Structure formats: C-alpha cells, structure tokens
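In what follows, structures are represented as structure tokens.
Two complexes come next, and they have one chain in common, chain A, joined by chain B in the first and chain C in the second.
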Partner chain A sequence: MINYLKSLFVPETFTLSNGKVVKSKFNWTIYIVIALFFLIILAGKFTGFSFETLVDKGANFFDILVKMVKVDFAYFPKIVGPMIDTLTMSLLGTVIGAVFALPAAFICSANLNKNRIFIRIVKTLISIIRTVPVLVYALILTYIFGIGTFAGFLSLTIFTFSICTKMLYEQIETLDNGPFEAMESTGSDKVKATWIAIFPQLRSHYFSTMLYNFEMNVRSAAILGYVGAGGIGLILNENIGWRKYGRVGMILIVLIVTVIAIESLSRFIRKRLG
Partner chain B sequence: MSKSRIIEQYEMRPKKWVSYLLSIIVIVAILFPAISTISFNGFSKSGLVVAKNIFLGIINPDMSFILDFSELGLPFLLLETAAIAFLGTLIGLIISVPLAFLAARNITNKFVSNIFVTIITIIRTFPVFVYGLMFIRVTGPGAFAGVLTLALTSIGMLSKLFIEVIEDLDTGIIESLDASGCNTLQKIRFGIIPQLMTNFVSILIYRFDINVKNASVLGLVGAGGIGAPLQFAMAGSKWDLVGSLLLGLIVLVLIIETCSDKIRAKLANG
Partner chain C sequence: MIEFNNVSKVYSNGCKALSNVSLTIEQGEFVAIIGLSGAGKSTLLRSINKMHSISDGILNVNGVEVSKIKGKELRKFRRNIGMVFQSFNLVRRTSVINNVLSSKAADKNVLEVLFGYYSKEEKISALEALDKVGILEKAYIRADQLSGGQMQRVALARTLAQNPKIILADEPVASLDPIMASSVMEDFTKINKETNITVIINIHHVDLALKYADRIIGIRAGEIVFDGPSANITDDILTEIYGREINDDERMIKND
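What follows is the complex of A and B.
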C-alpha cells in the first residue's frame, strides 16, 4: 500500500560522474506537514478554538489564582484527615493491586507460559481494563458501592492491577530464562520454578514498580473525590463549589507538598533498589 | 569429601527468615490501620442492579446512538475527545520545547535551569481539575477549555522527558559541524534537530495517547469530550447509553494505543 503510494510520485534522478543513475530518497516531511496542518484546522473547528476569547478573557484565568494566593491557613487542621484518607486509599490500592498483578504477570509472560492463545486473550483483557481511566471506574463504583473511600480504593486497585501487570510481564519477558528451564528440567513444577528462579530476578523491579504506581496513585487519588470517592478531592471540590478559594489554596499547598515529598522519597528508594 | 563440603556450605547459607519476618511485620503494621479507614458499607441499595445493568449495557449497547452521526451521537463525541487531545498535545509541545531547552543543564547554567525545573514541577503537581475549572472561567464550558487544560497539564511530562533527551545530546557532532565551517542555523538544522526529532516525536505520541484518556475524564468538569455525557447517563440511569459510551471509549483508546505503540516501536528501531 505504502509502496504503491510511493510509486505515484516520480523520484528525482541524478546521474553521477561515474555514469551511475541514483534516485532521490522519498521525502515524507512535506506531506506530513500538510496533513498535520489540515488536522490542526479540523481539530480547531471541532473544539471551537479561538484566539480572540483567549486574548479577551485570558486574564480571567488568574482570577481564581489571585484569590487562592490569600491562603486560609486556619483551614489546615481540617485537611489532614482527608489527606490521610487519600494516602491510605492509594497505599492500599497500590499494595493489593500489585499483589494480584504478580501472578497475573507470571501467567501471561511469553517465556513462562507457552500457550500463545491463552496469553493473547489475557493480555487483551488486561489492556481493556487499562483503557478505562481511574476516574471513570470511580464514577461507576460510587454508584455500586455508594459514596466513600471504598469506591476510590477499589478503582485504584483495579487500575494498579492492570498497569502493574503490564509493566511486570514486559520485564519478565526480558529476564534470564535459564534458571527457570533448568528447574523445570529437574522436574519441579511451574509454580515452584517461577518462585525460585524468576521472582528473585524480578524482586527489586517489582518493588520499584510498586513505588512508581504509588506515586501515580496519590496523584489520581487526589482527584477521585470529584466523583464522590472520598479523600482530599472531596473537600477540594466542595470548597471550589462554595468559592472559598483561600481554603482551596491551602488544600493545594498541602497536596503539592505531599506529592513532591512522596515523589522524592520514592525516587530515592527506587535509586537504591537499582 | 566434596559432598560434605557442599552440605557444610548449604548449612551456612544466609538465614533470611528473620528479615522476611521483620518486613512482613512492618508491612502489616503500616497496612492494618489503613484498612480500618477504608469503610466498606456494603453495596449501596441498588448497587448490584447497577453493576448488572452496566454490564448488560456494554454487551448490548444502544446501536442507534452508536450509529448516530449528528452532534449528539457517539462518533461525534469520540472525534471531539480525540480532537481535544490532539490540539492540547500540540499546544503543550509549543510551550514545553522552549521550557525544556531553558531547563536543560547543558544549555543554560545551573541557576537558570533550577528555576525552570521548579516551575515545571509546580505546573505538574496541580491536579487536572483545578486547571479545568480555571479555564472554564476563560472560555466557558466546552471543548475549548479542555484543550487549554490538557495543554497546560501536558507541559509537565513533556518538558521533563524533553529535558532528558536534550541533556543526552552528543556535542561531538555539533563540534565537528563547527569545525567544517557551519553557521549556527546550519548547526541547529543538521546537528541538533536530527538528534532530537525521533525522540521528541515518540514522546509526543506517547503523551497524545495519555491525553486521550485525560480528555475523556475532563468532561466531568464540563470541559468537553465524552466525560459529561457519561456522567449524565449514569445520573439518569440510562444504562444502555452508559454501556455504549464505555464501549466507544474503550475502542477509541485501544485503537490509539495500538497505533501509538506501533509508531513508537518503528521510531525506536529507525
């Protein structure tokens, strides 16, 4: 198909000094630029993009920001509880999701399991689970389990499970398969061989994946409250609704400090894990 | 003799159970109080019915909605979501390239680079929703707010990854171009752009992939895309509509993810 398209354009030919004829290489750049140009215009039409609004009302963006700068420090004690909720939600979600991800990753690694069809099916299922954003899970789960931290925790667990499984099986497939095959040839079963030969190679990577997911989960847990799934997002949403922007500023400060602290800690530990 | 030595060494193997036990105790000590804060109130009254209905809705989607090509149909919503992600990523790119060059250690000095790294970190840690609500003030609810929000939230990741690529630049190439008498523009065109291009495009496609997911969520604050109809459908208990929206979202994200993986693999292998 692409070669057919290429053949539509006659390439420029050059005759070299030794009499050889060479054709110039096909250059995609100009066509890609034209295609992008049209896509941008099309997307602009679709989304109602207009520079005029941006110039006219751009300053409104800073309205809320200016109000948030007058931080309401007295609100701090009321933030601690929801923040801890958010942290425990993401911690539990990460740990439980990651615990379930480990066997799932072993099952669908191409070098441990030779059943291609089975692997294809499981991997597709896991990528389908992964496509749905955390917030959509939270939205659905709040309808099922009622408003509160449990829905948030469960949606984080599902999401962590799917993404951890993918990261782990990609790693397992690059691991040294020799010890596993050696153990199998001495007659041990697959579970034992995986545990003794594969898991020790994977361990540090497993923990660093877990920490990375924890980082991501704290970020997403912060907004889960928007659909009623508990945590700091809940009070954030409330205070935005009540236009108490000083409180919003305080919440954001707590959130940003926590996120940065957790990120630096996790990065430090992950560096040590190697 | 050798056998007894093997046994002797085996007996001397590191005893790991103490460290295992300790780490288990620590983990349980952390997790146990956490479990008590997660309050499980059981299923809400209609919870199981809702779950069943959503599942049935996905299996049995509303076909007239899926095949409706007007502004109220699924195809339009999906296209809008993709368009928001596309424009958002591009605007993010335009802002983050200069930021990344200013924050790269090998381009500017340490002081300037630290300032810009801090700015990028602060931009990155704000939750998406706060930006969404701030931009709705500017543009009113709609897809345009979504574009601007995604542009701003893309900056964090894009410039962080761009910085890594820029800091890996091979200066030898630029020096050799310098030695052969190239001017600055030629050095940029033939020495820097070819080195950065593939990596930048790969990062950009990856972010587009993420932005499609984000765009679908932003609708919840009224910033266009598939999120708002989803929430309305849930609130109105129209489960077949919920099912078809979820189905559309899953298909869209899967297609874009697969394409992006293919293109990125091709870029990485040259």
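What follows is the complex of A and C.
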C-alpha cells in the first residue's frame, strides 16, 4: 500500500536478477489531480459558493418548479408566433452565415492558399469574431437596428459564419490535395480548382456542419429575446418577470419539444450524409 | 519542342534536385525518365509545366521561356500540357464524366464552372476521350467505384480532353498491378503514335520503360547519366543509373 502510494509520486526503480536497472518514467498525473483539487476549492472561494445558501435558497427553485408544472395550456397559441420567429432567424442566420463561411474557409486553408501571413491575419480576425458571445452581438445589434428579429438574425449570422469557417477549414486541411494539383496542372485558377476538386470532397461535411450549427442556433436564439432580439426569449423574459410560471412552463415545453425534434431530425439527416 | 539548357534546381531546404541538365525533346517523342527515388525525376518532369520552378538555366517549351511566365500566362501555357499522376488525383466523389470535363474548366468563366455548365460539344469531346481509353461505358459512374487501372484511364481521358501537345506522366503505373500497368502503358503508346502528342513518363519499372518508350533518360543525383534510344540500354548503363546492378527479381516483367 505504502509502496503503491509512493509509486504515484516518484518513479520506481527495478533491479533485474541479472543486475540491469530499469527506472520507470516520471508521472505527472497525481500532481495534476492535486493541483486541480486545490483550484476547485479556490474557485469556490472566489465565486462565493456555499453549501448553506444552496440548501437554504435552493428550495425556492423547487417552489418555482412546482408552479411551472401547473402548465397554462391556454397560453399555447400565443407561443407559436414567437417560436416561428426564433426558428426563422436561426435558419436564415445559419444558411447565410454558412454561405459566407465557405469562401472564407477556402481562403484560410493552408493547403490551398500559400500566403501564410494572409492566412494568419484572416484566421485571427475570425477567431476574434468567434470569441464574442452571440448575446453580446445581439445586444449591440439591437442598438443599431432596433428591437426585433432582424438583430437576432444578424447576430446568429455572424456567429455561424465564425464557427463554420473554423470547422470547415480544419476539415479542408485534411482533404486529399491531389485533385487540386491536377486541376492546377490543367491551367485552372485556384477558384475553379477549389470548386471542382475540393468542394465535392467537402460537400457532405459542409451540410452536416450547417445542420449542427442550426441546432446550436435554435438553442441560442431562444435566449436572444432577453436582450430584445426577438423570438421566444422575449415572451420567456416577460412571463418570468410577471411571475406567470404556468406560462413559463408552457414556453419551456414548446422549446424543449422543438429543440429535441430538430436535433433528432438533424442527426438523422447527418447520418444519411455520412 | 522542349529544351533544357543548363537547368538546375535547388530546393529551399538546400537539396539540389537537378544540376546542369541540358536536353532536347522533339514533338511526338515517347520518353521515359528512369532513376532512383529522389534522383530528380519528378522535379525534371514538373519543371516542364512549372509545377516546380527552376532555380537556374533556361527552359524553353514550345518557344515559351518557362521561368519567365506566371499568373494568367502560366495558366494559359499549362492548357497545352497534360499531366497524369501516380495516385490518379481524380475527384472521387463525382462522376467519371465530370472528372474528364474538369480539364476544360480552365477555359470557361467562373459562373459556368460554379454551376457545372458544359456545352454539348464539350460533353461529346469528353465522351470521345473516354472512348479512346476504352471506358466509355463508365461515364456516369462515380469515380470511387472504379479499379485503379480504370481510374488511371479516366485520368488519361481527362488529360486527352484537354487537347494537350505534351503529356507528363509522373509514375503513372506505380500503383497498378503488372497487367494493368502494361495496358495503361499501351494506351500511352497508342495516344503517342496516333496523335503525335509528346509523352514523357517517370517510371520505376525499367522493363516497362524499355518496352514502350523510344528514348530513355537516366538520371542520377540530379544529373543526366544516360540519354539515348531504348535499344542502346545495357546492363552496364543501368548499373550506372541505379548505382548497382538490377537483378531479375527487381524487374517487373521477366524478359522472354
């Protein structure tokens, strides 16, 4: 037992019967586990986490939950419109973001574009765009374009563009470059060579990336209404504010059913795409 | 006509791939380049259509000084030179005919390419190219359904549809079985004889080279060590090219 514990911290030394000595490799695992343990405790201190509050106030959560279970079904017709808004802005945002992501991804792919500095700059710009949360875009865009679905749609477009571009160029860099070389040897320029030799290899991955982003967008679109960017989040925010938990329950049911339906459909199609 | 005049190539990592190569290849010749891996065969071949650019010397292809051209001019120049690769380099996820048509994309405008528009004449010419290499019936099959030999034939048809004056083939039969290799080599011979297209092939199989090519260029460590008719090749010359004797086991086809 002591030996086992010791072996976790320091390398073991074995002496074979013929006198040869073998030393095991130094293993960081235990040190990392200990460090993580202290970091978690530290994080708890920083965020003011306490079990007392959790037990004390946590009960309120169940109160609200109980109120939500008394679902206000009569509210359903009022949800359909905002839900369709949410879906429309997710769908449009996904499609348009993904359309712009395709050329951007081609430009960013190291195997198609040999201009390293240019690639570095574009990739950095796109990763900056990606770092900003979609909620922040929505907030800014509602100031510019006013409250409504247009700001939501636009923020989803920007977000989808940045994510799709990254997912696509990482895929492109793994593709077979031979056909592209063959196209260049026939005298095609890079645009034509990319379209003919690279896109067919990317096609199914492209559509599956698009669907995956659509799933993510429906989920984030639900929250965009909180900052006034339209859709189901708007009425969710309203009804929580008015403490109409029965309605909140109804909204959540519609949202959950829709998201699950879209996820299963998307998974089904993506499987077909291979 | 292809003229190498004291051509050298040094890669950015310092590796010297060609040194002072001088040779002339006339229109309609069938030339095989032989030598060890890394001797500079690929570099020699790929410098002709500037897939690799040379560092020194003068390379003239049909009156064009290759090192002087770039961009649009280079692409136009490449239209006249077909290229065939060891790994075929077909777009596997599309049909055979689309692969053949792709060699015509360079002449079309971007919108036509984007929408995949090809005229009836272009389609007929692509089908005729497939017929020439004997796989017309595969035209509408996806390229990934074909065997290696068939894929190389499609690649050859793609090159033919480009109406080239020169065909460069970089190890075109290296990934094929011996029977397929011979029949693809026969296709090259047929094309060379019937259309007077210059054919230049990099090849590892000495016997195939001797059997099908009219002229052999032996290259060793970036230098030409033999250049002459296939009939003049002797075991001594092969020893010089390869640095040691080639034994019977290493030949692809046993001499009858």
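By our rule, the second predicted complex is superposed on the first by the 259 of 274 C-alpha atoms of A that agree within 3 Å, B and C clash if a C-alpha of one lies under 4 Å from a C-alpha of the other, contacts with A are read in each partner's own complex, and residues count from 1 in each chain.
Just so we're on the same page, a contact is a pair of C-beta atoms (placed from the backbone, for glycine too) under 8 Å apart; a residue touches a chain by one contact, two chains touch by 3 or more.
Keep in mind the model is a prediction, meaning the values are calculated, not measured.
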Chain B and chain C placed together on chain A: clash or fit? clash
Figure out whether A:V22 sits in contact with chain B (first) or chain C (second), or with both, or with neither. neither
Just to be sure I read the superposition right, which of the two partners does A:Q201 touch: chain B = first, chain C = second, or both, or neither? second
- Task: Could you look at A:A182 and tell me whether it touches chain B, chain C, both or neither (first, second, both, neither)?
- Result: second
Subject >> chain B versus chain C as contact partner of A:K192, first or second or both or neither >> reply: second
Applying the touch criterion given at the start, work out whether A:V95 contacts chain B, chain C, both or neither, answering first, second, both or neither. first
Per residue count on chain A, the busier partner among chain B and chain C is B
Only chain C stretch among 3-11, 39-47 or 129-137 with CA clashes against chain B is 129-137
Chain C residues touching chain A in their complex are 49, 51, 74-79, 81-83, 85, 87-94, 102-103, 105-106, 108, 110, 113-114, 155, 158-159, 162
Given the complex, residues on chain A that touch chain C span 178-179, 181-189, 191-193, 195-197, 200-201, 203
As the complex stands, chain A meets chain B at residues 39-40, 42-44, 46-50, 53-54, 57-58, 60-61, 63-65, 84-85, 88-89, 91-92, 95, 127-128, 131-133, 135-136, 139-140, 143-146, 148-150, 153, 219, 222-223, 226-227, 233, 236-237, 240, 248, 252, 255-256, 259-260
Listed in rising order, the residues of chain B that touch chain A in the complex are 27, 30-31, 33-35, 37-44, 47-48, 50-51, 54, 79-80, 83-84, 86-87, 90, 121-122, 125-130, 133-135, 137-139, 142-144, 146-148, 213-214, 216-217, 220-221, 224, 227, 230-231, 234, 242, 246, 249-250, 253-254, 257
